[in-house]
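Pasting in a structure now, in C-alpha cells, and then I'll have a few things to ask.
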C-alpha cells in the first residue's frame, strides 16, 4: 500500500509529532529553562493550526475505519483554533502555577492527546474507532481535571468525571453492542444500509445516544458538568465546555444525520424532548449560581439545548446552522472563560458579586465579558444572535414553531442571568472592587482573537455560506 | 457456540450483569467498589460483543476485536481512576463517596 | 454611500470619535456635533424626499438592497416613505435635544453618550429597513442599551426597573421573532422564494389560517413596546428610574417603534389576520386609553403621570392603527410624532424641575410658576398640547384619529370610538391637576424661592422640541398630506 | 364685494399676543398697555368699517343679505371631509364683530386703570389679546371644525384669565373647574361634529344651513333610537353650546369663574365668550329649525327657560355682587336660548331669532357695564361682599349713575336698551309657547328685583365705615363706563330686525304694547320691592328670608349643584374609579408580571436539590433517564 494515503491523517500525525517532540524536550531541557516549554508548545501548536488550513482531499483508509472530508477537516480546524485560544489564555496560569512544579509538559501532552482523540472520534468510520477516539478524548481530561493535585475539589472533579464517563461509555457500549446485534456490523456505511426500527435497535440508539449526550451534557445526563467545571482548573473547564462539547456535538450530528438517518422518526422526537428539558433545566439552574464557573457550566448546558434545535430537522440546513452555532459558541464561551481565567489568576476571585464595579476598574475586561455574554444570550449585532436566529430558522423550516417558541422563552430567561453578571460589572459600585491589572501578552492575544471572532462571525456572511457548502458533503 | 445454550440465555445473563453493575454503582459507598461495578458494566458489553459475534455473525470477527479493545481501554480507565482516588486519599484520607460532595447545587 | 445608510454610519462614526474623547466636555461636544449632523441629514432628507417623490412614485424611495445571507434570502435592504421620513426627523430632533438635556452628565459621560447613540442607531435602522431580519436586528439593538442607560445612570430602584424593562421588551421581541419566522416561511405561499423583504411579502397573499396564527404574535411583539395594556407595566417604572435624556428617547422615540412595526409589518403583511383579530385588540387598546388616563389621574410622581399618559396616548395610536382606514392611520402616525415631541419635552422639563428641587412629587412642589417661570410656562403649553388643544400638535393627531375611526359603519367601532373620545376629558383633568398643584398656588417650600435659572442648553433643548409641536399644530397640511400619500399603497394592500 | 380684509381683525390681536407673550420680560408695562389698546382699536375700526360696508353699502341681493366666504384648506381628513380656515361674513357674524370689538376695547382701556399696580400687567394684556383673537376667530368661523378649534382656544384663554391670580388656590380651582366642565360639554360638541360630518359629509356652514341643501333635506334618511342621527348631532352640539353658555346643568363653572380679575369677568363671562353657545345655535339655526320639525330647537327652548328661571332665583340670595351678576348673566343667556328656541324661520316668524341676537347685543353692553361698575366698586372698597358696602353713591357718582342706567336697562325699563330686546323676546315667546312666555315674565320680575337689591345695597343703604374712604376710579376706568352707559341707553333704538333675521331678509318689528306694558309693570314691581327691602337699612329682607326658610337656604346654596358635582368627581371618579385602577395596575397587572419572574426564580430554588453533588445520584439520574426514554420511545411514542 502507498503511504501517501496516510496524508489523510496529516492533522493527527502532526499533532502526535508535536506531542512526542514535547516529551523529548521535557527530557532534555535543563531545569532552569522549563518555562520556555510553554512558549514552545504554543508556538508549535500555532504552526499546527496554520498548517491545518491547507486542504485535505476526501477519503477513507483502514478499510473505512478512518474517513475524512472537508467538513470534518473544517471542524478539526475549529477545534484547533479553540485549543489555540485556550492555550493562549491559560499560558500565564501554566507559567505561574504549573511549570514551577515542573509539570508543564504533562499538561500539553494530555491535552494534545485528548485533542487527538477527538480528531479520531470525529473522523471515525466505524464504532470501534469512534469508541477509541471517545475514550482517548475523555480520559486525559479526567486526568487534567484532577490536575491541581493540591486542591481537594480538583480531585473530586476528576473522580466525578472519570466515574460518570466510565458509566456513560459503558452504557453507550451496551447500546453499540445492540446496534451491532441488529445490523451485524460496526461500520457506519453498512449500518446505514441495513438498520431498521426494531425495539432492539431503538434501545441501542437510546443507550448509545446517552453516551454522547453525556459529553454534550444534555439533560438528564448533565449532572457531572457543573461540579467538574467548578472543581477543575479553569482552562480545563473551558476545554470541556467548548472543545469536547463541540466535538461530541459534531460526531453526534454526523451519526444521527447519516448513520442513523433511518431511525430519524425516532430520534427527532427524542431530540425534541431532550432539547426542551435541557434548555429549561440549564436555565433554571443557571439563574441562581454565584460561582462564575458553575454559572458558565449551566449556561453551556442551556446552549447545548439550543444546539439541538438544529439537530431536529436532520438535513443540510440543520448541519450548517449547528456547525455555525458551535463555531460562534467556541469564541463566545472562550471569551467568557478567558475573562474568568484572567481575573481568577490575578485575584483568585470567582464569584459573580466579586465582579461588582469591575467596569470602573477594568473597563476592557468587562467589555469583553459583556460582549461574550451578549453573544451567548443572542443579542445583536454580536455573532451569537445570528447563530441562534439561524438555529430557530432551521427548526421553524420544518414547522417546529412550538419548539422555537419554547426556545425564545428560554432565551429571555437566559438573558436574565446574563444580565445579572452585566449588572454586577457595570451597574453596581463596590467598596473593594477588583483592582486594575494589566494582562500579559498571551492572555490579551487570546481575548482579542475571541472578541474579533464574536464581532466578525455574525456580520461577515461568507463564513456561513462556506459552512453551508461544506455541510453539503455530510 | 455452546451446545444447549441459546443466545437469549447469554444475553439475559449480560443484561443482568449490566444491571448488577448499575446497582452496585448506585449503592456502593466506597469509590473502589463503584469502580468495580463499572467494570461489571463494561464486561457485560464485552460479553455481548463476543456472543453476538459468535452466534449471529460468525463469519467476521468485528465483535471479538471490539471486545479486546474494550478490555484494554477499561484497564486504562481503571488505572487512571485508581490514581485519582489515591490522590484524593492523600488529601482527605478517605475513599467514601459521601466525602466528595463538597460541590453541589 | 446612499442618503439613508448615512443614518447608520454617521452615528457609528460619532461613537468611534467618542471612544477617543476624554471627559465630559469633549464627549458632549462630539455627540452634539453628531446630533446636529443627523438633524441636518434628516431635514435634508425631507426635502430630498419631496424632490424624489415628484419624479418617482414607488412605495419606497431611496431604496438600496445588498444581499447579506443569501441562503435565507436575507438582505440589507433599506428605503423610506413619508411615514419613515417623518419618524426619522422626530428621532433626529429628540436625540439632539437629549444630548442638550444631558449636558451635565458627570458620571461616565463617554459611555452614556455612546449608549445613547447606539440606541439611536437601532431606531434609525428600524425606521429605514424594509427587510424583516434587519428590522428585527435593529429592534433589539435599540432595546438593549436601555438596560445600561437606566441601570447605570438611573435613579431610584433602577436595577429593578432596568431588568424589568429589558426582560419584558426582549420577551416581546422573542414572541415577535416567532411571528416573523411564521411570515418568512409562508412568504412563498404563491410560489417563489422565501423572503424577508416586506414589499415582496406584501405581494404574496399569505393563507388566512397562517395569518390567524401569526398576527397576534407579531402584533403583541410590537405592541408591548408601545405599552399595550396589559403589557405596559415596564413603562412607568422604566420611565421613573431612567435619567432624563433616556426617558425622552424612550418615550419619545423607542415607544414609537411599536406603532410603526404594527403598521409596517403586522397590518401590512397580515391584513386578514388583522381584520380577524381587530375586535380583540381594539378592546385592549380602548382599555389602555381609558385605563392609562385614569391611572395617571391618581399618580403623584410626575414621571408616573407622564408614563401613564403615554400608555393612554399610545393606546390611541394602536387603536387608530386597528381601525384600518387611511385617516385614522394618518392620525396614528401624527399622534406618534406629536406624542414623541410632547413626551420628550415633558420628560425634559421634569428632569429640569427634578434637578432643581430634587423631588418629583407634585404635592411637595407648588407655585413653581413664580420661581422658574420659563420652565413652568413651557410645561403648561406642553400640557395643553397633550390634552389636545387646537394650534398644538396633539389636536391635529387626535382629530384625524377620531374622524377616521368614526368612518366605520359597524356599531362596535363607533362605540369604541366614542369611548376613546371621552378620554380627552380625563386627560384634561390629570394634566390640569398636575399643573394646578405643581405650578400654581403659593410656593410650598422656602428653599425653592431661589432656584437656578434655566440655562442656554436647557433652552435649546426645549425649543428644539417645542417648535415642532407648535409647527405641527399650526400648519399640519404638508405633513399630513405627505403621510396620507404614503399610506395609500398600504391601505390598498389591507382593504 | 370683497371682505377678505376682515382677516386682519383677528390677526392683529394675535400679533399683539405673540409680541407681548414672547417679549414678556423685555417690554415695560405701560408700553404693553398701549400696544394692547392700540391693537384692539385698529381691529375695532376695521370691524366697524366692515359692518358699515356690509349693512349699508349693500350686500343685499334682492332684499337678502348675502354671505361672503373666504377660506383655505387647513387639513384633509378624507376626500370629502377636511378642515378649512377662513372667514364667513353674514349679519350675525358682523354683529358679533361689533360686540366683541366694542366690549373688548372698553375692557382693554378699563384694565389699564384696574390692573395698574399688578406685576403681571403685560401677561394680562397678552392673554386679553389671545382671547380676543380666539373670539374673533370663533365668530368668523366658516365650518364646524374651525368653530370648534377657536371654541377650545377661547376656553383655554378663559382658563388662563380665570387663573390669572395663580397664587390664589381658589382661583386655580375655579380655572380648572371652568376648563374641565366646558371640556366635558365640548366632548358632546365633538361627538356631534363627528356624527354630523359622517352623515352630511361636510362641516361647512353654508352647505349645512342651506334649507334646500342635502344636509337638511335628507335628515330623515338616518335614524338612531327613534330620532334622526342629525338630530342627535344637533343635540350633542347644543350640549357644547350649553357648556359655554352656562346652561343647566353645566352652569357651575360660571359663578366660580368670578375669581378672575373683574375686567375679565366683564369681557369673557358676561359679554362675549359665554354667548358663544347662543351664537353656535344661531349659526346652525336653519338646521335646528328644519331638521325633524325643530325637535332639537324645543330642547334649546326649554333648557334656556329653565336655566334662566333657575339662575334668577339663585341670584336673589347671593351676597357676593359679582356672583349675583354671574347668575344674572346665566339667566339672561337662558333668555336668549329660550328666545332662539321659540323662533320661527322666515319673515316676522323669525322674531325670536332676531330678538335673541338683539338681546345678545344689548346685554353685552349693559352687562359689561354692570361688571365694570362692580369692578370699580370693588376697586374702591377691596371686597366683593354686599355687607362691606353701602352708601357709596356719595363717594363715586359716575359709577353710581352708570350702574343705575345698566340696572334699569337689564330690568327692561324703557327707554333703555334692555327694554326693547326683552320685549321682542317676550313677543316671540308669547306667539309660540305660552308656558315659556310666563316663565319669561317671571324672570323679568326677578331680574329687576335682584338687580336693584344689589344696586341699593351698594350705593344706598346705611354708610359703612371704611378704613380708607373709597374714591371715584380714575378716568381710564370711568371712561369705558360712560361709553357703555351711552350704548345701553341708545342701543335699543337700532332697528335691529332689519339687519339681523333668520332668513337674512330682515323685517320690521313693531312694539307689542300690551306685552310691553306687562313686562314693564312686572319690572317696576321688582324694583319697588327691592326699594322697600334694601333702600333703607331694615330687617324686612331677613323676615322674608326666614319666611321662605328652606327654599331660601336651597337658593342660597345654589340648589347644591356644586356639592353634587363634587360628590361625583371626588367620591365616584377619584375614589371609586381612579384609585381602584391605580391599585389594580400595581397589584394585579404588574403583580402578574412580577409573579412570572418570581415563580421562575422560585422554581430554580426548588429544583436545586437535584444537583446533590453525589456522583451516585447522578448515575441514578443517568440510568433512570435512559430507562424512561427507552420505555417512552419503544412502547409509548412509536409513530410509525
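Note that the chains are named A, B, C and D in the order they appear, and that numbering of residues resets to 1 at the start of each chain.
Just so it is clear, a residue touches a chain if its C-beta (ideal position, glycine included) is under 8 Å from a C-beta of that chain, and two chains touch if they have at least 3 such contacts.
Given the structure is predicted, the values throughout are model-derived calculations rather than measurements.
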Centre of all protein Cα atoms: which chain's centre is nearest to it? C
Two candidates, A-C and A-B; the one with more touching C-beta pairs is A-B
Can you check how far apart subunit B and subunit C are, centre to centre, with Cα atoms defining each centre and the answer in Å? 65
Distance between subunit A and subunit C based on Cα centroids, please, to the nearest Å. 43
Intercentroid distance (Cα basis), subunit B paired with subunit A, Å: 27
Approximately how many whole Å separate the CA-defined centres of subunit A and subunit D? 78
In subunit C, what residues contact two or more other chains? 167
Where subunit D touches two or more other chains simultaneously, the residues are 597, 608, 611, 613, 615, 619, 623
Two or more other chains touching the same residue: where does that happen in subunit A? 159-160, 163, 167, 171, 226-227, 416
Pairs of chains in contact here are A-B, A-C, A-D, B-D, C-D
Within the complex, subunit A is touched by subunit C residues 68-72, 133, 137-138, 140-141, 144, 147-148, 151-152, 158-159, 162-163, 166-167, 170-171, 174-175, 177-178, 181-182, 184-185
Residue numbers on subunit B that touch subunit D, as the complex places them: 22, 25-28, 34, 97-98, 100-105
As the complex stands, subunit A meets subunit B at residues 127-128, 131-132, 135, 139, 142-143, 146, 149-150, 152-153, 155-160, 162-163, 165-167, 169-171, 173-174, 176-178, 180-181, 184-186, 226-227, 230-231
Subunit D to subunit B touching residues, read off their complex: 608-609, 611-616, 619-620, 623
Name, in rising order, each residue of subunit A that touches subunit C in their complex. 317, 320, 374, 379-381, 385, 389-390, 392-393, 396-397, 399, 401, 404-405, 408-409, 411-412, 415-416, 419, 422-423, 426-427, 461, 464-465, 468
